[in-house]
Amino acid sequence: MELYLYIALFAPLVGSLYAALFGASPKSYHTGLIASGLLFTSLVSSAILLSYVMGGHTVHVELMTWMATGDLYIPFGFVVDQVSVVMMMVVTIVSTVVHVYSIGYMDHDKGFNRFFSYLSAFVFSMMVLVMSDNFAGLFIGWEGVGLCSWLLIGFWYHKESATWAANEAFIMNRIADLGMLIGIFLVYWNIGSLQYDVVFAEIHNLDQKVITWIGIFLFIGAMGKSAQFPLHPWLADAMEGPTPVSALIHAATMVTAGVYLVIRANPIYSEIPDVGYFIASLGAFVAMFAATMALVNRDMKRIIAYSTLSQLGYMFVAAGLGAYWVALFHLMAHAFFKALLFLGAGNVMHAMSDELDPVKMGGLYKVMKGTAILMILASVALAGIWPFAGFFSKDKILEVAFSSEHYILWGTLWITAGLTAFYSFRLIMLAFFGEERYKQYGFHPHEAYRFMLVVMSPLALLAVIAGWFEHDFVRLVTTLLPGFEFHTHHVELMLIGVTSLIAVGGIVTAILMYRNGPLSTKWEEHFCYKVLINQYYIPKLYNEIFTKPYGALSRFAWKEIDIRIVDATVDMIANAIYKTGENTRDIQNGNLSTMLRWMVIGLVVLLALAVAFTVGYNAIGA
Amino acid sequence: MLDHILSILIFFPALAAMLGFVVAKDSIRAYGITVAAIEFVLSLWLWYAYDPMSSGMQFMESAPLIPAFGINYLLGIDGISLFIVILSTFFTLIGIASLTETRRVKDMIITLLFLEMTMVGVFAALDAIVFYVFWELSLVPMLYIIGAWGGPLRIYASVKFFLYTFTGSLVMLVGMLFMAYFYYQATGMWSFSILEWYRLILPENFQLWLFAAFFLGFAIKVPMFPFHTWLPYAHGQAPTIGSVILAAILLKMGTYAFVRFSLPLFPDASVFFMFPIAAIAIIMIIYTAMVAYAQEDIKQVVAYSSVSHMGVIILGTFALNVEGVSGSVFLMLAHGVVSGALFLLVGVIYDRRHTKLMSEFGGLASVMPRYATIFGIMMMASVGLPLTINFVGEFLSLLGFYKQSHTYTLIAGTAIIVGAIYMLAAYKKMFFGNVTNEENKKLKDVNKTELIGLVPLVILAIWLGVYPKPVLEPINNSVESVIQLMHDKAQSSEAKARIPNLSDAGAMKLHQEAH
Amino acid sequence: MEITLTHYLVLSTILFAIGLVGIMRRKNLLMLFFATEILLNATNIGFAAISHYLGDLSGQMFAFFIIAIAASEVAIGLGLLIVWYKRTGKIDLDLMTSMRG
Amino acid sequence: MLEPINVSMASLNVATLAPMLIAIIGALAILVIDLAKEGLHKSFYVMVALLFLLLDLGTLVEFGGVFLKNGTVLGFFDVMLMDGIAILSQIIIVAGSMLFIPLALTSKRFHEYNYPEYFALFLFMIAGFQFMVATDNLILVFVGLETASLALYTLIALHNRSKSFEAAVKYFTMGALAAGFYAFGSMVLYAISGSVEINQIATVLAEDHYSNIGFVLVGVVFMIAAFGFKLSMVPFHTWTPDVYEGSSAALAGYMSIVPKIAAFVVAMRLFEFLVHSGVVWLQVILYIGVVITMTASNIWALVQTDVKRMLAYSSISHAGFVMAAILIGTTQANSGLFLYWALFSFTNLGAFTMLWVNRQKNLLPGQSSDHPYEKFSGMIKTMPMAALMMALFMLSLAGIPPFGLFWGKMYMIGSAVSAGYTVLALIMALNSAIAGYYYLKLIIFMFMKEPMVGYEKYYLMNASLSLKTIIGIAAVGTIFAVFAVNPLLEVITRFVYNSGY
Amino acid sequence: MFEAIAFYLFAVLTIAMFTITVMTSQALYALTAMAAGMIFISAFFFILGADFLGAIQIIVYTGAVMALYAFGMMFFDTTRNVVEKQTNPRIVFVLGVLAAVMVVAIFVAPIVSDNIEALYPINSQVGNTQAVGMVLFTKYLVPFEVAAVMLLVAMIGGIVLAGKKMDRSLTLMAEEEIAMIHASNERHPEKGEH
């Protein structure tokens, strides 16, 4: 099995390096094909591992030592257990699809080869992240995906907005990574190891306060990657990247790394329910918060991005409340339908020559039937309608909230579910139905390559059926993750009903409201609209209180402190010495008389000192 | 030959430089490369012959120099210095091989070979005065390189560099003499041997003063805030090769000296000054990173980033535990590789455009993709991405200091954020966007000569990031003996507590290996 | 009223001070040299007096040698002045400031 | 009636006079030869002088051996005193002179070398210095000092241009004032001790428990003023730059070495017993004097535009540095003084010879001195070897290891540290840093600036084989000093220690 | 009593004479006053029993030195009124007076010492000159001889400096010029320098 592990892990790397070899050369299909092929290999290996793990085994290997100094020992160790294998499957499935899809999507792009190189590198990093058997290895993947995300968001580097977004994403993630790093340090100095098995075995021996801190710092790391408030703005801006990237990274995989971390570190979070509750509350807040922003946005990808954010909030609610398997389950299901949604959006973008405003579309159903159907499927799944995947996973989260008697959380999530349904179908309605407004703007939409649609179909299938395997899934993962006791059997059906009701309500409202195209622009004067369209003014706020002052402070530090104070002091000392020389060199005015006088002055001064000393000496002597 | 390999390593380049006067001008480059290559191979041989399991000094050489005053020609290498020596020879080779300078190449190469002698000498010396000799002597070739081949402010920059460092090291010399005198009082013999000094246990108040004296010399060299202002000038004005060597090797002398002198000689003072120095290190990290962000000149960005990274090294050094010190020693190498590479990269663009202002560039990624890639890799190494060389060092340094203080490390950890900010911003300004400047449209990508210098560095940056063990292990072994020595010598209870006792820790290690 | 050594020493001092004043205020080199003679003569009185009061001949010896030195100095001094005078036609030291700073 | 005194020749130790006599005989021989045959070439006189100095040195080395075996030798009614420091300093004086006298063999003709008397006076001067150091009798010190000084004034003036006359007159006049100070100081010391011999004075003062402290101090004040002049302590230093500038570079270099070591030895004899007897005042004054001399002259050297003047200020600073040895007063410090001076001789020999080699007869257009910095600009491009040599000497002067002077500096600072003068050690160190700047300035001109058009012909204008040889000797001495330090130190320490210093 | 009167008389006279020497602007007065001062000083020597010194003083100073100076004065043409530009005259006097006052302040205290021994005691039975000679040619033989050398040096120096050879500076002449002079000297040896 170790062989499969290594294949699963390194196949993407090989693909990436292969593509990188041709990075600067003009487009060549073979890079895309080989990268995709290798990913498929990885997928197959993962599947084999899955079946192996389902047999109740795990695979644990140690490749080699990475860092060893003092008491610190960090190997490149990889583990395939019930959790990581699920993640591997999710990652490889989505990325294989995205790779193949990209062959079509990036068809006309100069950086075709480069793109595949980055994309496969990302998959490799993600695999390292999920397969690592220790926190340091996790951190490698963690930063690796950050790097690839930076590369991919800024893929079109000539676009100012893209590079800005890339940097923003990287830096915001770095802020969180610091938290994570500190968490790792805390783990090391308290336990003496970073291996999961050692840490989780020892964690309960630690002081409650220490565990709390560990939990908090690790979660700060998770917040960055999963774009939780207040580190969320980067995710929406990250939509500047090519759409397959958004599908893979910013929907299915990387952003869920935070959730994965919390799930993985469940023995830690189980010890600290207070922190867990905080995580859940934050998750619920973000779910609602992001959903509201999605309501009014006029950028297709951003809408989906906010939706992702919102769904991540759901996952955190589950994870925070201790229902780790539920979180993982939703993670998986969400990965499928959200990737699908993004890829569909990608098709639309292609058709519309990169136009993203759904208001300028309308009636695309006629020209892009396949895409439309796939996107509707995905949206239904997202809305959580039975029997689609979202229904099973999302309803479970609501149940969890209800079951742990956090009714406010439940309420929030419940309303959010309605909002989710609404904005999903708002998008569908605006883009695919109603008047064909695109004609006014002179677009000539066309359907994407057939193989692109074909390749999306597995995702569509999974978006539909993933939820049906709930029981197998539970059996699989609960061998590693703690189970969750539901106390809601008596109200289960009612809960499902209430939730489905609001979802359906949301859908219906959206269809009704947008059946004739967009709302009137009067809306846009409304205060709520303004707040929402400006994302609660948070990016502006960040710009005002962080970015600008940082720039100003930096310039101040350089121009005022470094040059005018620190350096000037040094120069001043040097100049003072030199100036003293300049000013006193006239002592030597070349006149013999002056020179003689100086000698006498020296004599007199010495004499004065001598007399003073003698007087003093005699006085003391007397 | 192994008995005298260190002497050979030190004096071979100097001798070659002398003979180089005879070599004709058009052949001098080949001559320089040959000499540097031989020297590099010799240093690799040194590594090969080095026993990584032993923590003590190896290849020791001793000859009386001024026995009447206790000065001996005493050389030796341990895990801490071994790799810096190799790095020195390596960078000299790379520097000469990728030299693009056309003015008075002969002088340049002879100077570089002399510089190589001093660099190897500093790291191989075990006698304080011999150390000092090479330490000071290294200023002279660098002065010449900056002053003769530098930019418009070169004279100011070179003089500032020279005098500033010279002043600091003179104070250090007083400290060394005091140390020797102390040894004399304790034993009745003069000695400047560091190994002999290690055996001295100094009263705490003496330690504080001596520590301060040594500190000034080292801090200016490192350079630590607020003594850092010579560095941007030196880098800003120096030719590429000068900046590369300065950043990669010369700055390491300061941090190396902290590990070699300050820690083992003054354990109590090290603990006493740990937090003030950590505070300075934090200022270095954050403040200079901000200053770097404000720069308009790409070379200055790299220069200030050097200071910022040196802050992490200092922090790791003053973690006073094996993790931190090993990390900081490793980070010295890492920073050498990365900043050396970055300066080489800046040199590449400077050779083409004769400007280093970032506003002059933009969109270079499309004109010079290979250049952008290498720059990108090195930039990522510089911001400490895992699996690059810098990360290992930074991680261990911060990890080490975390043992001493949570808050300090938390603040210092912002290094990874602020570092990313200025680096990414600079990269964005240079490489992203559209090519707006006409002159940039016709730029040629990196050529072979430049690749000769850059590719090995890229390989090194990734190789040692993925597999640091061959380097980290010898470092670790030597650092452990230093830490143990410090623990044994420490007098105050605080110092005893702060500096781990490794002989106890053995048990814990066994416990871990069981897992 | 007995004359003690102190009297002589004070006299010597006063004469020495007069010499100093002369050295400081004279601009004419020849007359400046006069003042240097005064200095040496002032000390000679002191030596002779001390010699007398201590009953020791060394002082007189010293004075004797000082006279010899003074004489030699005159020779060299005048020689220098002559070459200077031949070159410039002046012996005013205010004109002798080609080197300074 | 006075009893006739019977003196046996043996008790006189006539041999103690031998070194000086050789020099004097040499001088007389030159005068006689000149009478016999006029118009001999200067090279003849140089070699004759060298031979006599070689003999002189030989006897000194012989004395060294005797000293190490039998200790101090007194001669001529105890007037002559051949102790360790006398021998050491004479060796430095004679050896230094031997190195400087071949500088007369320039390729261009200069006025002074046209005189056989020049060489005679040179030898007389050496004899004068030798007498000065080989006695502790204040009278002989004075006479020796004046002999040497009067010869030196003449030698300066013989360069025969208005600057050298000006220099000679200034030096002479101030020297006369200093002579007055010396005489007065001796008088005061004589008044309180009844003796003109330093060891007697020391004995009497100690027996009196320094009860006449006022007199002691007044005497010391005048002595400090007198030796301050010779050693160019601030503010008695003002002659130094002008005299150096006015005289030929060869002679200026000579003046920076030989007269000073003679003065140092006398100052050591005179002041150290006082320092050791706990005359706090003197310690304080010397401390202040050392610090001011070092610092002020360094600061003034910074602003100089002429290399020779800069070197003049720098040698003041070096003298101040070495003066610290007298303040510190330990064997280590005193040995350091000699070590420093021996190493300094080589370096300064080199530096001034380089100036001498570059000397042109007339001032450069637009310049007011012989060796402005501009003259050296870009020298590395036109005369690389010469530039390297000059740089070497500058680095050595700046105290960059491993060149000669560094070892001296290190040992001096080390002795300060060992004697508990930590702050002084720091000041000494920091002064070296300030000094770094002006030495560096020349290096900058030579290595980092572009050559001035039309100046090439002035480089090595005055060079000849012997001058180049001298530079070579100086360079070798400077570079490989590290190997000489240990033997030197051992010998010096034995000499100094056995002389009781 | 006689001694005291003599002391004060001569003290006042010497001080007056030297003051004139220092202060007058007439070179001739200065010279004369100095010569007079020197002679008055020799009076002190006689009073103090240093007869030999007194004689020397008169012979050397008033004889040789003064003659030299007189010659110099004529040579330099400074017999008339000498114009000297005085800068900061006050500081000169302040310094002079300060020096005097401070030294005097110390000197007024008597010297207390029991340990002073005369190494060469003045023997009242022997004439001063004889005693001086005795010491001079034993103890001070070396200084005496060195003084002779010194006088020789002074003589050579004076002759060389004042010599005619100094009129033409080889230092300032170009090499070609010097060569020409040498050539002409060889052709007309009688015009050579003497």
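Couple of notes before you dig in:
Note that the chains are named A, B, C, D and E in the order they appear, and that numbering of residues resets to 1 at the start of each chain.
Criterion: contacts are C-beta pairs under 8 Å (C-beta built on N, C-alpha and C of every residue); 3 or more make two chains touch, one makes a residue touch a chain.
In this text, all values refer to a predicted model and were calculated from it rather than measured experimentally.
Considering every other chain in turn, the ones in contact with both chain A and chain C prove to be D, E.
Relative to the whole-protein C-alpha centroid, the nearest chain centroid is that of B. When every pair of chains is scored by its C-beta contact pairs, the maximum goes to C-E.
The chain with its Cα centre farthest from the Cα centre of chain D is A. Ranked by how far their CA centres sit from the centre of chain B, the chains are topped by E.
The geometric centre of chain A is 99 Å away from that of chain E, both derived from CA atoms. Work out the mean CA point of chain A and of chain B, and you get 35 Å between them. With centres taken as mean Cα positions, chain E sits 6 Å from chain C. Between the Cα centres of chain D and chain E there is a gap of 27 Å.
Within chain D, the positions touching two or more other chains are listed as 139, 143, 146, 150, 153-154, 157, 160, 169-170, 173, 177, 191, 194-195, 214, 217-218, 241-242, 303, 437.
In chain C, the residues that touch at least two other chains are 5, 9, 16, 19-20, 23-27, 33, 54, 56, 58, 61, 65, 68-69, 72-73, 76, 79-81, 83, 93-94, 96, 98-101. Along chain B, residues 163 each make contact with two or more other chains.
All chain pairs that count as touching, in label order, are A-B, A-C, A-D, A-E, B-D, C-D, C-E, D-E. Across the complex, chain D is touched by residues 103, 106-107, 109, 111-119, 123, 125-126, 130-131, 134, 138-143, 146-147, 149-150, 152-154, 156-157, 160-161, 165-166, 169-175, 178 of chain E.
Residues of chain D that touch chain A in their complex: 169-170, 173-174, 177-178, 181, 213-214, 217-218, 220-222, 224-225, 228-229, 234-236, 238-239, 241-242, 280-281, 285, 296, 299-303, 434, 437. On the chain D side of its complex with chain B, the touching residues are 380-381, 384, 395, 398-402, 406-407, 410-411, 413-414, 417-418, 422, 425-426, 429-430, 432-433, 436-437, 440, 443-444, 447-448, 482-483, 485-486, 489-490, 493.
On chain E, the positions that touch chain A within their shared complex are 87, 91-92, 95-96, 98-99, 102-103, 105-106. Interface residues of chain D, counted against chain C in their complex, comprise 138-139, 142-143, 146, 150, 153-154, 157, 160, 162-163, 165-170, 172-173, 176-177, 179-180, 183-184, 186-187, 190-191, 194-196, 241-242, 245-246, 303-305, 309, 368-369.
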